[in-house]
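Sharing a structure, written as structure tokens. Questions coming.
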Amino acid sequence: MNVLSLTLLGVLCSSLLTGLIIFFLKEESHRLRTWLNLLGAGLKLVLVAALLRGVYLGKTYAWSFEFLPGLPLALGADANSMLFVTLSTVLWFWTTLYAVGYLEDSPHRSRFFGFFSLCVTATTGIALSANLMTFLIFYELLTVSTYPLVVHRGTRKALQGGRVYLTYTLLGGAILLLAVAWLYSLAGPVPFKERGVIQGLMVSHRRELQWLFLLFMIGIGVKAAIAPLHGWLPRAMVAPAPVSSLLHAVAVVKAGAFGIVRIVYDVYGAENAAELGVLPPLAIAAGVTIVYGSVCALFQDELKKRLAFSTVSQVSYIVLGAAILGPLAAIGGLVHLVHQGLLKITLFFGAGNYAETLGIHRVSEMNGVGRRLPLTTAAFTVAALGMIGVPPLAGYVSKWYLSKGAVTAGDHWVTVVLAASSLLNAAYFLPILYRAWFLPPPEKWPAEHSFGRWETHWMLLAAPLVTAALVIWAGVFAESAFSPLAWVKLIAAREYGP
Amino acid sequence: MSGLILGPLVAAALAFTFPKRGRGMAWAAAGVVGIAVLSLIRAVLGGGVQSHRVSGWGAPLGIDLRADGLAVLLLALTALIAVAVTGYAAPYLRAADSPEARHRERYFWPLLLFLWTALNALFLSRDLFNLYVALELLGFAAVALVALEGKGDALRAALRYLFVSLSASLFYLLGVALVYGQCATVDLALVAERAPRGPALTVALALMTGGLIAKAALFPLHFWLPPAHANAPAPVSALLSALVVKGAFYLLLRLWFEALPVFHTPAAARLFGMLGAAAILWGSINALTQSRLKLLIAYSTVAQLGYLFLVFPLMTGRDGRFGAWCGGLLLLGAHACAKTAMFLVAGNILRAAGHDRIRELAGIAQVLPVSAFALGLAGVSLVGLPPSGGFAGKWLLLSAGLREGQWWVAAVILVGSLLAAAYIMRVMTRAFAPAVPGTWVRPVPPIMEGTALALALVAVGMGLAGSWFVELLWLGGPWP
Amino acid sequence: MPDADPRLYLLAGLALFAIGFYSLVVQTHLLRRIMALNVMGSGVFLAFLALALKAAAPMPDPVPHAMVLTGIVVAVCATGLALALADRVQALEANEETPAPEEPPSAETGSEPEDAG
Amino acid sequence: MIPQLLDGTLVLVVVALAWRALNDRDLFRGVIEFIALGLLLAMAWLRLRAPDLALAEAAVGSGLTGALILSALVRMRRREQAAAGQPAGVATGPWAKDRAKNFSRVLLGALSVAMLGTLAWAALSLPAKARGLTAEALARLPDSGVTNPVTAVLLNFRAYDTLLEIGVLLLAIVGVWALRRGEWPAADLRERPLLLSLLRWVLPLLAVGAGYLLWIGASAPGGAFQGGALLAGALVLALLSGLGRRLLRRGRLVRTGLTIGVLVFGVAGAVALGWTGGLLQYPTGQAGAWILVIEAAALVSIGLTLGLLYLGGRPGEK
Amino acid sequence: MSFLDFLSALLLVPALFFFVAGTVALLRFPDLYSRLHALTKADNVGLGFAVLALMLRAENGVEVFKLALIWGLVLAASSTVCFLIGQEAVRRGLKPWTRQSP
Amino acid sequence: MPALTVNATRHGSLPPAALKRLVGRAVVLALVWLGFTGDDGSSWIVGLPAVLAAAWISARLWPGVRWRWSPGGALAFAAYFVRESCLGGWDVARRALSPRPDLSPGLISHPLRLPAGPARHLFCGTVSLLPGTAVVGIAPDRIQVHVLDQSARVEADLRELERRVAAVFGITLPAEGGAP
């Protein structure tokens, strides 16, 4: 074990250990818990930055441990995993900050932050998994650690939402387990490798591989909320806002999307998958989900539900990118992994602020919030516009690459889908913005809290502002060397390069 | 090896003679057994299978003890759980300073130590008749422990358990008689050498197997288990579910894979597999419909025992043999720890709430956070979520099934896992609901919660140490 | 007197076993079931000893004899335990409403001989 | 011819009596038949050349078990009568005129017959002349420290079985004591002076007899179990007559007596382990002495245990 | 066959006679009380003769002693048991059979 | 029953009388052991503890009761007992084997003249073994006897027996009718 592999473990443990310690903290030790949280998140940021630099310089990070013979638990850092791990680490830091503010004075915070840290540990683990088995392990860990967060409030609705969530994800997990076991029995241990590891089976086990792909997509598609497996997502909205952000932007949904990317690129290999003929159905499913999610979002009055269906729609962009052969689409999909995360988390932070500060839960109650919460609403607006795909914001970059990739691959219908989706996005976001900025505020907000100097608690305010800034940065400086896009191009080059 | 028998046996006798020293005796026995188990593990890992000829004669005239990987694993598991129960039982039994409580504590310790003796004897012996005596010792201790609860349901359950256990023992013993008539020995290894395929041994094996599956509570002979396990005192339920039924299963493994492997035909194996599958489904579905927590856990045991019997069909081929063996036993270990944790949690809940009706248990996570956490972790292992021991075991079984082309096994495992998730969820949902005032009336000492959590952690952590277990299980296993 | 034919006793043992098993399942009275278990056990012992007689040169096989002796002792222990349990159960059923006379075992610890020494 | 006839009759009577004992409408008669069955079985053991077992069966299998069941029956009957005159559901047995019940009974009967057939088929397929372990046992007999082969098997060749068995005995009494408080038989000795004076003579004699059986066991039928059974018989008599309480006054002494078998056996096993490196492997040439010590302790425990089982619970004052 | 053996065989005749007579009495006597007589008297005498016969065949004094002891114990026991049974019968109000009663 | 009211010897220091009693009984029991094992000297390894234990049991069950006996009376009694036993056996046999059982049974009450203690026990124990009589009840001052043949001779027989038992223990009986 060397320093390099220690860095990997450090990334995991920075949240795992803090989480475990937090579990055993007394409810009252508020300050200690906050510091621990921020310390863990900050430490992780530093470690990931180091990792990022190392990977960029071409160092190999690997750590493995055989927990069953021939079945290593392996961590590694390749370009792909860095993309996700960086995203989740950055967002986690701000989500933590936000959550500390958001949950001030609510009960069971030790439990909450314990699971919160576990959840991020699992996400990091998913990102850093170097083989399919490790991925599976962290994937299930994610399921388990998010459940207590979803039901955190303990209300009947929360419990019901949690039950639905667990039912979906466990079913998906079981199918994924079957797929993994099956693939292992065919191919032995399955490390993640660019261009896939199944070349040897292409001739002899063609049919099995097709079935397996279906199983994988169902198993992971649950978390990625591909229609019709998305049913849990809107109901999980009962969770506190930081959790929703986590679910939608950082952890669960992203883990699903990332898993699909992994399967397509690093298990099957895009070209192998194309040859097996499994990509077009996936693309179609993604396309359908994009439109369907957007349409559903249109009819939601509850803000968080609208955002949830928006997620259903947006995540499938990533899937779509993976399902279309060619580097351009890949770039579009992968970069949207980051962009959607930034956008959606900003939106949820905003929604959380509305709920926490003014007691607003519905779109119809949002008249004039821009005047009461100008900074929050500004961040919200940036993110909403980004979602719609207004240049030069982040969303625009993803959509641009996606449609270019689709055209190159000859899938012209995709551009239609993207256009339709953008229109729909506009249709469900613009009214909100209009209400927020241009309609007069009501005489009294449903439940207003006052937080002194700022429009709301400073922690609640800092997080969306930062993420909104990131959204702008990711779009405006997309072509610079330090942007998500630049990194994604590196990945695409490795997958499709010579 | 001898310390494993003599330690708890002598301690049991002393605990009975000096009732006030019961707990001390249990700890003393735990010390002796702990040292013995550790040195035995070292010896087996270092020098392979260890044998001991009792009284120095050796089979066939004398009795041989042998410790291979399987035996050592179970001995260690027994020691672990017995120690945990010892730690847990003291505050549990002293819940109230009533005459009943004093009475229960006075007899609990010797009975616990007898149970421990019996399990150790069972795992070490390689002599069919000696195993019979060990089985009886085990059965009596288990029944007496169930009856210790003293309430009507517990007594009735104990009586039913006793009847099943005794008649099952007699079936087993008749089988032993036939084996002796045929082979002129009751030593497992010699029987394997001298066993011709014929009616006598077929019927003998059928008799012994019948008796043992009744003791192991394999569907459809599981009917005695839920009432007995659900009505016993919590630490006793834990011991019964974790270890006692496993003892009979262990003996079945010995019989089918060591003494009479020639009878392990695909047809017989499939029969076991079918019963196992039926047990998984039936037990899980029943667990889903129970209204009491302890009954739910007990039915879950019925289901989980079914998995163990999937080892039989998976051992017929060559490819999946090793994986199935290790998977089954890893699952056994993980279930033992997880189930102990669950029953201990149930004991905590019973103590805190005065009942274990699931519907009325809102707020466990709030009132007993450590217990709720333990319950969740144990559930993780039971469902088979990674990286728990349950996951590692199921993974091995699953891959063995796929490798052998036995798809139905894979299907059963997955469906069983989902059903397990469903019934665990029933409880966990209650756990996170806000507590209803007046439900939780008594505090629970930290040690009772801590013990449960520790075992749940072991169950989960077992998966990470899978390689170590596999290495151990390889030693002296039934490999061609 | 010449030795008996072991097969005769072997079959008798098996018959006892079957009779015992049938009665165990069919009968409802606890005492009958306990006796049935004993009869089953006697059947097994009979079979054991008949098999021991088969090896009667120059004397019957002593190993099964020892086993049966062990078995008899175990059987009487089982009977004792079963009877005590059956008695408690019957006491419960006989007066379901009022608790059995020994519940709670009041003043037991003070007067039991276990404490007298 | 005559021996065959005798064996045939004995076997038939045994089987018939077994059936009667378990299915007699009158439970009391059933119990008596059960006791008689035990005595007949003791005869069968004799015919199978197992005098050690005949002794044990007569004393334990028939006598003590019978006494246990009989006293339980009396207790249950009394309770039934005391309980509001219900027609004692427990005592009626299986004679309900229920069709489903009849059907299942027929089914089970068929099943049992089939089982018997299979068993017989298997048993008759066994080799006619078994090898057995007689030769091995006799070859090692000179090293075993005793000359009675059964004792040699019990306390040397398979001493480990016996150790566990003594454990079972102790466990049984612990279990019974945990379950219920024993009922001292309500004997008023003033009304039974003859019994009292008889027992005063007989009990010490039985104790000496038990010691004698122990001693003789090394070379002839007898041993700790038979001696223990005799002792148990004495104890049962003492309990029946009300004298037992006088013998069992000191709780710790009684408990020590119950456990001494396990303790001495266990400690002997451990000492032997340290001495020779084998569990229960007696030092060369000393086997006889070791066996005697172990047996003596076992005798006390066996006698006390079996006798106290009759009490049906832990001895209490009321 | 030595003289002692012959004598011993001869003694078995009365032994058998008394056993048979005792059994017949047990069957024929009208009530429990009378049957007690059958058990305590005829059978005891029968046993006495049998023991005597066996004593003559005994190889050493030890066996003679044991036989005598057994006989004595049986006598004492049967007398006591007779009393216990009779006492219980009286306590339960069992009326003895008399000529007059049917 | 005085025996019942006398407490067992308490533990601790044994009074000399108790010790003497213990030794006495041990000697008797040792004789029994000797009878069992004959000249096998090594048997005393077991025999000695067994005898001591038995003596202890005996002492616990039967604390100090003093009695004396006369060897002559005992011998005479033994002869009488054997003769009467045979007669009793014959009596039963005769009645049993006769075509019509020759019975006229009944219960009679017999006043006791022997003092309480071993003598009375010996008397009661013997009655049942003698022709035509069986004890079915014992009261402090009388016994209830079931007789096979209600005739005057029974009374005489019983009185005769009483006399002989008294001789064994060297007791002088009170005059007729003067029961204690």
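Of note:
Chains: A, B, C, D, E and F, in written order; residue numbering restarts at 1 for each.
Here is the rule we use: a contact is a pair of C-beta atoms (placed from the backbone, for glycine too) under 8 Å apart; a residue touches a chain by one contact, two chains touch by 3 or more.
Just so it is clear, the model here is predicted, and its values are computed rather than measured.
Touch-path distance (fewest steps) from subunit C to subunit E is 2.
Following the contact convention of this document, F is the list of chains adjacent to both subunit D and subunit E.
Following the contact convention of this document, B is the list of chains adjacent to both subunit C and subunit D.
Just count the C-beta contacts per chain pair and the biggest one is C-D.
In this assembly, the chain whose C-alpha centre lies farthest from subunit C is A. Separating the centre of subunit A from that of subunit B, both taken as means of CA atoms, is a distance of 42 Å.
Taking each chain's centre as the mean of its C-alpha atoms, subunit E lies 18 Å from subunit F. The centroid of the Cα atoms in subunit B and the matching centroid in subunit F are 61 Å apart.
Taking each chain's centre as the mean of its C-alpha atoms, subunit D lies 32 Å from subunit F. Among the residues of subunit F, those in touch with two or more other chains are 32, 36-37, 124-125, 135, 138. In subunit D, 119, 123, 126-127, 130-133, 137, 157-158, 161, 165, 168, 171-172, 175, 179, 191, 194, 198, 205, 252, 255 are the positions where the chain touches two or more neighbouring chains simultaneously. All chain pairs in contact, by the document's touch criterion: A-B, B-C, B-D, C-D, D-E, D-F, E-F.
Considering their complex, residues 19, 61, 98-100, 102-103, 129, 133, 136, 140, 143-144, 147, 150, 152, 155-156, 158-159, 162-163, 166-167, 170, 173-174, 177-178, 180-181, 184 of subunit B touch subunit C. On the side of subunit C, the complex with subunit D involves touching residues 1-12, 14-23, 25-32, 34-36, 38-39, 42, 45-47, 49-70, 72-81, 83-88, 90-91, 93-95, 102, 105, 108, 111-117. Put simply, subunit D touches subunit B in their complex at residues 118-119, 121-123, 125-127, 130-133, 136-137, 140, 156-161, 163-165, 167-168, 170-172, 174-175, 177-179, 252, 255-256, 258-259, 262-263, 266-267, 269-270, 273, 276, 278-282. Taken together, the subunit E residues at the contact with subunit D in this complex read 69, 73, 76-77, 79-80, 83-84, 87. Partner subunit F is touched in their complex by these residues of subunit E: 17-18, 21-22, 24-25, 28-31, 33-34, 36-38, 40-42, 44-46, 48, 60-62, 65-66, 69, 75-76, 78-80, 82-83, 86-87, 89-90, 96-99.
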